[in-house]
Amino acid sequence: MKSAEEIFQILKIEFGNSILGLDKDTPTEPIISVDPLQIHRVSKFLRDNPDLQFDSLMCLSGVDDANGNKVKNADGDELIEGGTLSVYYNLHSVSLKHKISLKVSTSRTEPKVESVENIWKSANWHEREAFDLLGIFFLNHPDLRRILMPYDWDEFTTEVSRHPLKKDYKNPEFYQGMKVPY
Amino acid sequence: MGLLDKEFSDGNIVIAKVDDLFNWARLSSVWQLGFGLACCAIEMMATSMSHYDFDRFGVIPRNTPRQADAIIISGTVTLKMALRIKRLYEQMPEPKYIISMGSCANCGGPYWEHGYHVLKGIDRVIPVDVYVPGCPPRPEALLEGLLKLQGKIRNESLRKKSA
Amino acid sequence: MALKTEHMVLNMGPQHPSTHGVLRLELEIEGELVKKVTPHLGYLHRCFEKHAEAMQYNQVVPYTDRLDYLAAIGNNFGYALAVEKLLGIEVPERVEYIRVIMAELQRIASHLVAIGSNGADIGALTPFLYLFRDREHILSIIEETCGARMLYNYIWIGGLSHDIHPDFVRKTKEFCNYFKPTIVELDNLLSYNKIFIERTANIGVLPVDTAINFGSSGPTLRGSGIKFDLRRDDPYSIYDRFDFEIPVGKGLMGIVGDCWDRYYVRIREMEQSLRIIEQAIDHIPEGDVQSAIPKRIKPPKGTVYKRVENPRGELGYFIISDGTVNPFRVKVRAPSFVNLEVLGELCKGYLVADVIAILGSIDIVLGEVDR
Amino acid sequence: MYQYFYDLTGNTILATLIVAVFPLVNVLIVALIGVYLERKVSAWIQDRVGPNRTGPFGLFQTVADFVKMLQKEDATAKDIDSKLYNIAPVLVFTGSFAAYAAIPFSSKLIGSEAEVGLFYVIAISSLVVGGILMAGWSSNNKYSLLGAMRSAAQIISYEIPTAIIVLSIVMLTGTLSLDKISNMQTAYFWNWNIFGGAEFGIAKFLLIPFMVVGFIIIFISTLAEVNRTPFDIPEAESELVAGYFTVYCGMKWAMFMLSEYGNMFAVSAIVSILFFGGYHSPIGYLGNSLGIEWLIPFEQAFWFLAKGWLFILIQMWLRWTLPRLRVDQLMSLCWKYLIPYAFVNLIIIGVISLL
C-alpha cells in the first residue's frame, strides 16, 4: 500500500520529464499528470512493478477542459478554439489495495493519446467511448470506432456536432430524416 | 321484437355481426412483440408476471414481429434504435397496433432537452394508437392502456378498412 | 476440389428475446459453433453525461436512477456519496442505516431479476415468474416509503427524499422471514436442476487474471473465485459495522469461474443481504433524514472518483467540479459496460445456445451499458 | 369404422366423408383445447390466472386467437422460395393429421384398421421433418435455417429409440396392428403392457421393470419428436427467436401450431396404446355390467381420450418446469444413452418373451 506521493516519487525517478506534476488540491485522490505520448510506458510500469501492481483500470474518462478562447463562427455558433482535452485514469490494485489517478492533457485541435488497451483490456471500450464522445484519438488502439453513437453519425452532421460531449457541441437538425432537437 | 327490429333497420346486420366477431377476436388476442427497450420494459415484464398477469386479457409475448399484433414501445427510443423499430413495425402483418409506453416513447421524457441521441417521441417514426404516460408507468397504467386499445379496436369496422 | 465455405454471420438483436434489452451481438458462427462475438452498443445511449453537465448537482439524481434501472437506489447511493465527498458533509446515522437497508433490499430485487432472466434464457420460464412475484414484495415495501415502484429518486445528496414509513420495519422483517424459504425453493427448482447445471457448468469460464485485466467486478469477478467486494475492501457508508460473508465461486459443479458459479454467487449474496438487513433493521436511530441536505449545493473545485458495490459490480462516479452549481463533468463507470467487454473473450468456441447462457450470467442492464 | 358407418348410412361417399372428417375435427379440437389448456396450465403452475376475459374462464380464448389469425395479413418477404414456403406448413400439418388415420379411438372408431398401423404411423409422421426443413430453408432467414437443421437432426435421431421400443412391443405382441395391440391388453389394468401384458406367468413379472424402462425411453423420445421442452431447441425462443417458423405469420403459422398440438396428442395416443391398454378401460366397463352394449365404444373413447390428455398434461407440466437442453447434449442423450439402453431392453424383452 503506497500513498500518491510515494508513487509520484517512484514514477519521477523512473520517467523523469514524462511525469509532469502532482496535483494535491483535489478533495480526494491526488492526480499525477503524465505526458500523453508516454502514458503507455508509464502504465506498463505501473502494472508490472512489483511494488505498485496496478492490475485494474477502474475508469478512464475523457474530459473537455473548455479552457480555450471562445469565438463565433460564420453561423453564429460559439466555438472553443485552442485549449486542451484531458483523459483521466483511475487505477486500482486488487492485490495491494491502493489507488491512484493519472491525467494526460492533449491539444484540442489534434488530440492524440497513447492507447493503454494492451495493458488493461478494460480500456478498450472506455477509449472508444472517449473517441466517440470527445474525438480524442488513441494511438495504437486496435479498433477505434464509434461505440455509442451511430456508426454513420458523421455523414449527417457538421464539424460542430461530431462529438457530443464537447462543450461547444451543437445538435444537428436531422439524422437519417429524423429531427434531432425537440 | 324491439331489439331485432332495430338491428334489421340498420340494413347491414351481416357486416355488423361479422365486424363484431372480428373485432372481438382481435381485441381479445392482442399478442405483443416481446421486446423491451429500457426501464419501462421491466414494468412491461412485471405486467406479464404473476402479480398483474397480462395473459388474462389474452396478451402473450411473441418474439418475432411476424406473429405479433401489437408492439409496446417500452422506453427511450434512440436515434440508432428508431430505424430498427421502424423496420420491426414494417415486418408486422396487418392489422397491427402500437402502444407507446412511458414518457420517453411519448415525447422524449426527461431527455427531451439535452438528449442529443434520443428520439423525441416514437410518433415521429411510426403511428401510435395509445399513449401511456408515466416514468415508468405502473403496470396498472399499462393495463389501462391495453383496455383503451381494446376500446379502439371495438369500434373498428370492416367497411372502413381496406384489408 | 475443396468446397469454399464461409462463416455465417448471425445478428442477435437489437430485438431479440434474450439480449436483455437492445444489445446487438454479431456472431460469426460455423454451424452452431461461435467463432467470434462482436457486441454493438449504443442502442440505448440516453446521453446521461450531457444531462449531468446541464443540470445542477441535485437535479442529476433522477437521471442516475435511469442508469441501472433495476438497482436505482444503488445508483443514487453512489452519486450521493460522491457529491458528499466533494462537499465534505457527513450525513446523520439514521440516513446511513436507511440507505444501507434500502440498498440491500434493492440488491435482492436486482439479483432476483438477474437470476430469473438467466434461468429464462436457458428455458426455465417458471422460476422467472416466481422471482418477479417475490420482487413485488420488495417493490411494495420501497413504494410505501418513497412512492415509486422502480425509479425512486430516493437518496438525495446529504439525506433522503422521505423518512421511512411507520410500517417499514415490520414489513421488512416479514419479508426477510418470507424470503428465506424462497431461496431454498429456488435452489431446488433451478440451482441444483440437472439440466440447468448441464447448461451452465463448465461454460464460459472466466479466469481470475483475465477478469481483473478486463476490469470485471461484482458477481462476475467473484464468480471467478476472488474475494473482492467494495463493501469490504473499500468500505463506504456504514458497511464496516455489519457482519457478512462474501460469497465466491468455488467451482462446485465445474471449473471455478463458469456460468453456474456466477449464478450461484448471486443467490448466496441475496442471503448475505438479508443478513445485513436483519442486523441493521433493529438499530435504526431516531433523527431527521433531511437535516444534512445543503440548501445550495456548490462544491469547491476538484475531482472525485467514488465507487460503490452495485448489484452488478463496481459503480463509480468520476465528477469534476469547477466551483459552480453544475457539475463540469460526470463520468459513470458502469459495471455492466465493463463486464460486457469480456463477453467476446468468454464466448469463443462455445455454441450459440451457450452465448445466451453466458450473457445471462454476466447480467447486464443496457441502460447502464449505454448510459 | 368405415364398415360401421356404411352399415349406418348405406352410402359409400357419406361414410367415407364421416370417417375422413372425424380425425380432422379431432385435430382441431385437440389444438383448440390444447392451446387453451397450455395457457391455463402454465398460468396455474406460474401462480397466475391465465386467460379469463373471453367467455367463462376464458374458454373462447383460442377461438379468438384463431379468428384473429384468419384476419392477419399474409406478409411474406421478397426473397423467400415461395413454392416451398407455401407447401411447408401444409406438409407439416398433413404429416401429423395423417397419423390419425390409423389410431383406434375405440373399438368402433378407427379410421383404418390397417394391419401395419404402427408402421404407418411411424412412417407418416416422418413427413413432418421434410416440411420443417422446407420451411427453414425457404424462409431465407438464418434463425429459421438453424432451427430447421436442429429440428431435422433431432427428430431423425429420436426416431431410432422410438422405433426400437416399438419393435420390442411388436416382438412381444406379434402384430403391427394398433387395434390388435390394444385388444391384447383388454379387461383390467394389470393386463397392460407396462405391467407385462395379459399373459399370466413368470414372464409377466420379469417383464415389468423392462417395460417401465421402455416406457420411459419412448416417452422421452416422443417428447423430443414433437419438440416439447426440454427438447424444444428447434424453436428455442431465447436462442432462435421462434425457430423454423420465425417468418411465418397468420394461418400458415397456425398450421404449424395445429400440427404441434396434433402431434402431441398423436404421440400420447401411441404411447398409451403401446403401454397403457389403448382404448381399454382399466377397471372394466359400465356397459358390460349394465348390459348396455352400445355404451362400450363410448366408454372406450372416453378412456382413450383421458389417457391421451393425461400424457399431454404431463408434457405441459414438464414444459413449464424444466430448462431446455443444448443441441449437443440432446444428441448425446439420444445416441449415448437412449439408443444403447433401448437395444439392451429390446434384447432382454426378446429373451424373456421366449420363456
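Observations
Residue numbering begins at 1 within each chain, and the chains themselves are lettered A, B, C and D in the order written.
Here is the rule we go by: contacts are C-beta pairs under 8 Å (C-beta built on N, C-alpha and C of every residue); 3 or more make two chains touch, one makes a residue touch a chain.
Bear in mind that the values here come from a model prediction, so they are computed numbers and not experimental data.
The most central chain, judged by the distance from its Cα centroid to the centroid of all protein Cα atoms shown, is C.
A count of C-beta contacts for the chain pairs A-C and C-D puts A-C on top. Between the CA-based centres of chain A and chain C the separation comes to 26 Å, rounded to the whole angstrom. If you average the CA atoms of chain A and of chain B, the two centres end up 44 Å from each other. A straight line joining the Cα centres of chain B and chain D is 36 Å long. Shown for chain D are the residues in touch with two or more other chains, namely 46-48, 237, 241. Contact with two or more other chains is made by residues 148-150, 164, 169 of chain A.
For chain C, the set of residues touching two or more other chains reads 16-17, 42, 45, 47, 50, 129-130, 133, 370. Shown are all chain pairs that touch, namely A-B, A-C, B-C, B-D, C-D. Across the complex, chain C is touched by residues 42, 45-48, 142-143, 146, 150, 229-230, 232-233, 236-241, 320-329 of chain D. Interface residues of chain C facing chain B in the complex, by the touch rule stated above, are 14-17, 21-22, 42-47, 50-51, 54, 62-63, 66, 69-70, 113, 128-130, 132-133, 135-136, 149-151, 366-367, 370.
Partner chain C is touched in their complex by these residues of chain A: 25-29, 31, 55-59, 61, 63-64, 88, 90, 94, 97, 101, 120-122, 124-126, 133, 146-150, 164-165, 169.
By the touch criterion stated above, chain B contacts chain D in their complex at residues 21-22, 24-26, 28-29, 49-50, 53, 55-58, 60, 62-64, 66-67, 69, 91-95, 163. Across the complex, chain B meets chain A through its residues 79-80, 82-83, 108, 112-113, 116-117, 119-120, 124-125.
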